Amino acid sequence: MKPLLMAGVATLAFSALAVAGPTPAGGTVSGKVTYEGTPAKMKPIDMSKEPSCAKMYSTPVLAETVVTGSGNSLENVVVYVSAGAPDDPAPSTAAVFNQKGCRYIPHVLAFQVNQELKIVNEDQTSHNIHPLPKLNREWNKSQPPGTPPISEKYDKAEIFPVKCNVHPWMHGNFAVLKNSHYAVTGDGGSFTLPNLPPGKYTITAWHESYGEQTQDVTISGSETKTVNFVFKAKPY
Amino acid sequence: MSSTIATVNTQANALRPPQRASAQAALRYAAHERASTSGIWVGLFAITMSFAAFTSALFVREGTADWTHLALPSILYLNTLVLLASSITLECARRALYGNAITQDGETTNKAGTWVLVTLLLGLGFCAGQFRAWLELRAEGIYLATNPNSSFFYLLTFLHALHVLVGILVLVYLAGRLIASHRTLRRSLFQNTAIYWHFMAVLWVYLFLLCRTKL
Amino acid sequence: MGKLLAVVLVIIAIASAYPIVTHMFPLPVDISTHGHAIDEQLNDTMWEAGTSFVAAQLVLAFFVWSFTGRKEGAPLKNFPGGARVLIIAAFLLVGTEILALGVLGQKAWANVYFTPPQADAIQIQAQAEQFAFYFRYPGPDGKFGGLHPDKIDEGNQNYFGLDPENDVAARDDIVSGELVIPVNRQVHLLMHAKDVGHSFYVRELRIQQDFVPGLDLSLHFTATKIGKYEIVCTQLCGLGHYNMKAYLNVMSEPDYENWLKQQAGQ
Amino acid sequence: MTDGSVQQAHVHAPPQGFIRKYIFSLDHKIIGKQYYGLALIAVFTGMVLSWLMRIHMVWPTAKIPLLEHLSSAGAPGGIITPEYYLSLMTMHGTLMVFFVLTNAPFAAFGNYFLPIQIGAEDMAFPRFNMMSFWTTFLAWAVLMLAFFIPDGPPIAGWTSYAPLSAVGKDAGPGMEWGMSLWGLSIAIFCIASLLGALNFIATTLDLRAKGMTLMRMPLCTWAWFITSCIALLAFAVLLPACILLILDRHFGTSFYIPAGLVVSDRLQPHSGGSPLLWQHLFWFFGHPEVYIAILPSMGIVSHVLMNSLRKPLLSAKVVIYSMMSIGFLSYMVWGHHMFLSGMNPMSALAFSFPTLTITIPATVLTLIWLGSLYGSNLQINSASLFALGFISMFVAGGVSGFFLAQPSIDIYLHATYFVVGHFHMVMGVASLFGVFAGTYFWFPKMTGRMMNETLGKLHFWITFVGAYCIFMPFHYLGLIGNVRRYQSFVDDYMQPYLPVHKFMTIAALITGAAQFIFLYNLIYSRFKGKVAPINPWNATSLEWSIPSPPPWNNFGDKHPVVYHDPYQYGVKGSQGDFVMQDSPEQVVPASGD
């Protein structure tokens, strides 16, 4: 679970970076994403075909399509302002997508339109990065160990899966978003969207296998509104 | 292919009597006549091979699950007749040119030219007919990729039409030369075009039967 | 210069034969019931082909040696018996080789392909995909769930496109990235390709068979030695081809049963 | 006036102006040289590609500085990516098989010498001849274009098996436009080769000089003739295969793509196609293609060898019939490439026997060559060295065919380095040796200058020994089950054998470098070589009866008449131990024979 924690922290860190703009102090939307019902049991990943990765784990790693935490909390949910907020310019910092132990860290990476996406390979094996967007231009590149990071940009807002053509179990997601008001839930499933100027917003929560939910919220002044999302878990 | 040679001696002009050339030149001339005839047969062999390959592809594909049935547009029957007719008219042209006349004067060449003209019009008619057939299928919502049968139908008919068009181009050239009858014309050019054209008719009959029975 | 060529030819002949004669490149151990036939066949062929190779090079060398740089007007000779002898020789030599190898060789081929799998053979489904093998066991119910390509979700470890939601038979199917089989039991491998052409090659098993998309082939073999062996893909299948492999894990019967139980438990 | 102005027939005046003379020339000699030039460019490109592959394979993390700039996508930081390795491999194979092994021995030399050797003043259809070269050039340009598109070259190998080659971009990098360019290029190449073959056949059948009976044609003319018959069939089948491939890729048909394929997480919108269909069509072309590559070299080698033996070949007829039967059999064996591809196992046997049978004519040829050496007066020069080298290589590559012809052994050796070694030796190196022999032999005739013998011999020694050092180990590695088309050997199994791979790579680098000696020799001799007489080798066939280089219409106004079989060596002739084909004198066997 440690890498997962890292993933969560990392994502939060990035989102924090992203929102730490010059925007005037405003309201905040925060809340928790949970599920009800029994989620599918994540199967262990068999990495035997890639010894250099397999030997990095004492206990088998589980698939990350559904990651749950204490109190039915749901991780890897992208929560973002889908309407009401103006488009923000891309921050100068790059969103980093790491390949380590034949897994994507973070599993879900959220970043902004035209923000630099930096893809790093820390493994001793050659990886292949094949994002499968529908609106944006599709590309498919391999990254042998020792090659410089791949730097890319996406110019259309879209959430889409990314896979490694060499290691079938490696699946992640890119969330390319219009504005800087977003978060990806980590351990505990909670999120915060600070610095929202007064106004009416639509908040969307996206999960890769449970789909999307939206809620409207109106911010007046520097209050903190709580918005919770509850997803319906499927056993299979 | 003989157009190679034919264009070479366009500078030879006017109705002057054919010169008695050196024996050597005569030999060489005959050799090239023979060569272009072997050429056309070899070419036809290659074309046959290609369509044989398509046919075998069809037989392989036939067995598969998504193989259906394709109702051929009835205009194809008409097209068949048109193409066969064109074959006959070209034969008439050949008779007119070489049939009985020992030396051709402007009249026979004109006559032949007209027959060739008719032939190529019929040829164009055939192509138009094929095009019509495709339009009819489209109208029924049957496209190239709709099912394997339609794929094969469009493929075979299109490639055949392409070959016919090549023939038509040569016919245009022939007709021009014959009607403007002050130009020389190599016998082999005409003969080989005729062979090619007849072959196209035969090939079409084969393809048509194939489509009828298999698609 | 001719003499030099002769010498070089001899050296080449010897140097080429040396690694073979001294077994510098031994075949991996054979762990199959049918493999010995193939190995014998390979061995016989090696002798016949190897001999003809060395012989030809030596003859060439000898002739080059003796017929270069002859003094002016040295008499020309024709090969005794002329072409006829050589043709007859060729027909006899190669003809017998063909019969010997060709006919005998069919036995080895037949062992693999003309014998039906035994009734009690363990049925395992192998799926090849870019760029991994996955293996499916029917599970306690002994039934394979149906395949639904649209249900394939690799991120969620659903490599085969099973539909446990509606398909009961699929729920207990065991999917593994490693081919685990009991020793000395015949295995009947049902081969399925998910995307493009692949091939199933286990050197030690002396088995190689293509996965052909849309054409589900099957293969049967019996492993006779406990151990872990490499399964590699030998049909170019894309950028990860070089890295497309899995392991064949041959276990004792009880170990195999335990493994199955443990997998079913997950 | 159907036969008006007869004597003008085909007597075209010497072409004027650079363009008509050297670029869009109708002269078979210029066209032959153009083919040779194209093959030369292709072979050096292909060679460099193989260098990159070998280097990457044994030093996977090696940074190749220049490459980084040539292809930033394929080799980020100069490190070759797995897909780029496959691109290099695909392009290497395609260039070598189509643009070198088909062009050099067949199209290049055939165009230049077939008409001369049969006493014709040009090909039957000069315009077709020109078209076929420029179409080939177009095919080459289209193929090379793949290097310069963002997508990069295809990664499906020169065999481009469907559905990998048919499903498009989902199959991986280079499989979108790169693959399409490949298919287009090969389709164009087919058309070019068909035109060429047609021309060769018609010319051979109908333009032979007086007295030049079929049996009096030199062996290389025979080889070119037989080859063009094979090519006619082979390419007439590959063309439809490519058309179907393009349709599947761009027009949504399903000839090769079955239903329910999920590639890169995408369910492919196809149904019912058969991947085996491509394999059948491809190998129906693919195996004869091997003989398209090797037969002309057999002919050239026989031609050159007879000259340096100074005595007639044991039996030219036997050579001709052997080549014919090889050509004929080559159409019954394509299935041996598909033993393990899911054909009915019975058919494996059906394909195995004709395959083994081919070794009979091949052995006959070899024995005839060897037997002719006996009692000869062998002259050693660059040409004959390469001819002898050819025999050695042909045997070396041939015997390994024995293994692969047997389905049972193929189970183990299929798709290993054994196969790679086999076809590189017999189809690649052997036929290239034929090309080298032909080059050293005919260069004086083609350029009017002799090639430098010292450089030639140096070139031979490095190439001959080098080739063995590269390709023999391939067979050994095959025996231990080293799988082909791997960009690196990630598994422990191969680790002990990496030194062997290093050895092969170094051998490849050296041998490749030696080819630049050849290139230098070509260019140097072209301008600085000593002037060649009409018949420097005291050879007998017609090409040596006319000036070097020949005038634009070969024989000028004199019309050759042929009196003898092509190889009247070792006789009492007026000019020495030989009698030219076109000399009316009696052939008196030399004494002591």
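By letter and in written order, the chains are A, B, C and D; residue numbering begins at 1 in each of them.
The rule is short, and it goes like this: a contact is a pair of C-beta atoms (placed from the backbone, for glycine too) under 8 Å apart; a residue touches a chain by one contact, two chains touch by 3 or more.
It should be emphasised that the depicted structure is a prediction, and the values quoted were computed from it without experimental measurement.
S.K.: What chains, if any, are shared contacts of chain C and chain D?
M.R.: Touches both chain C and chain D: A.
S.K.: Relative to chain D, which chain has the most distant C-alpha mean position?
M.R.: Result for the farthest chain: A.
S.K.: For chain B and chain C, let me know how many angstrom lie between their CA-based centres, rounded off.
M.R.: 51
S.K.: Taking each chain's centre as its mean C-alpha position, how far apart are chain B and chain D in Å?
M.R.: Taking the mean C-alpha position of each chain, the two centres sit 34 Å apart.
S.K.: Please tell me the distance, in whole Å, between the geometric centres of chain A and chain D computed from their C-alpha atoms.
M.R.: 55
S.K.: As a quick test, compute the distance in whole Å between the mean CA positions of chain A and chain C.
M.R.: 45
S.K.: Check each residue of chain B and list the ones that touch at least two other chains.
M.R.: none
S.K.: Which chain D residues touch at least two other chains?
M.R.: 81-83, 172-173, 259, 264-265, 272-274, 276, 490
S.K.: Of all residues in chain A, which are in touch with two or more distinct other chains?
M.R.: 125-126, 128, 142, 161, 163, 165-166
S.K.: Please give all chain pairs that are in touch with each other.
M.R.: A-C, A-D, B-D, C-D
S.K.: Can you list the residues on chain C that touch chain A in the complex?
M.R.: 129-133, 153-157, 159, 164-165, 175-178, 238-240, 243-247, 266
S.K.: Applying the document's contact rule, which stretches of chain D touch chain A when the two form their complex?
M.R.: 60-61, 73, 76-77, 79-83, 169, 172-173, 264-266, 490
S.K.: Could you please specify the touching residues of chain D with respect to chain C in the complex?
M.R.: Residues in contact with chain C: 81-83, 86, 155-157, 159, 161-164, 167, 171-173, 257-265, 267, 272-276, 310-311, 314-315, 318, 340-342, 345, 348-349, 352-353, 356-357, 359-360, 363-364, 366-368, 370-380, 385, 388, 391-392, 395-396, 399-400, 402-403, 406-409, 411-416, 457, 461, 464-465, 468, 472, 476-477, 479-481, 483-491, 493, 570, 590-593.
S.K.: Can you list the chain B residues touching chain D in their complex?
M.R.: On the chain B side, the touching residues are 1, 3-5, 8-9, 11-12, 15-16, 18-19, 21-22, 24-26, 28-29, 31-32, 34-36, 38-39, 42-43, 45-47, 49-50, 53-54, 56-57, 60-61, 64-67, 98, 104, 144-145, 148, 151, 155, 159, 184-187.
S.K.: Within their complex, state which residues of chain C touch chain D.
M.R.: 1-2, 5, 8-9, 12, 15-16, 19-20, 24-28, 37-38, 41-42, 45-46, 48-50, 52-53, 56-57, 59-60, 63-64, 67-70, 74-79, 82-83, 86-87, 89-91, 93-95, 97-98, 101-102, 105-109, 112-114, 129-130, 147, 149-150, 152, 154, 161, 194-197, 199, 201, 203, 206-210, 212-215, 217, 230, 232-243, 245
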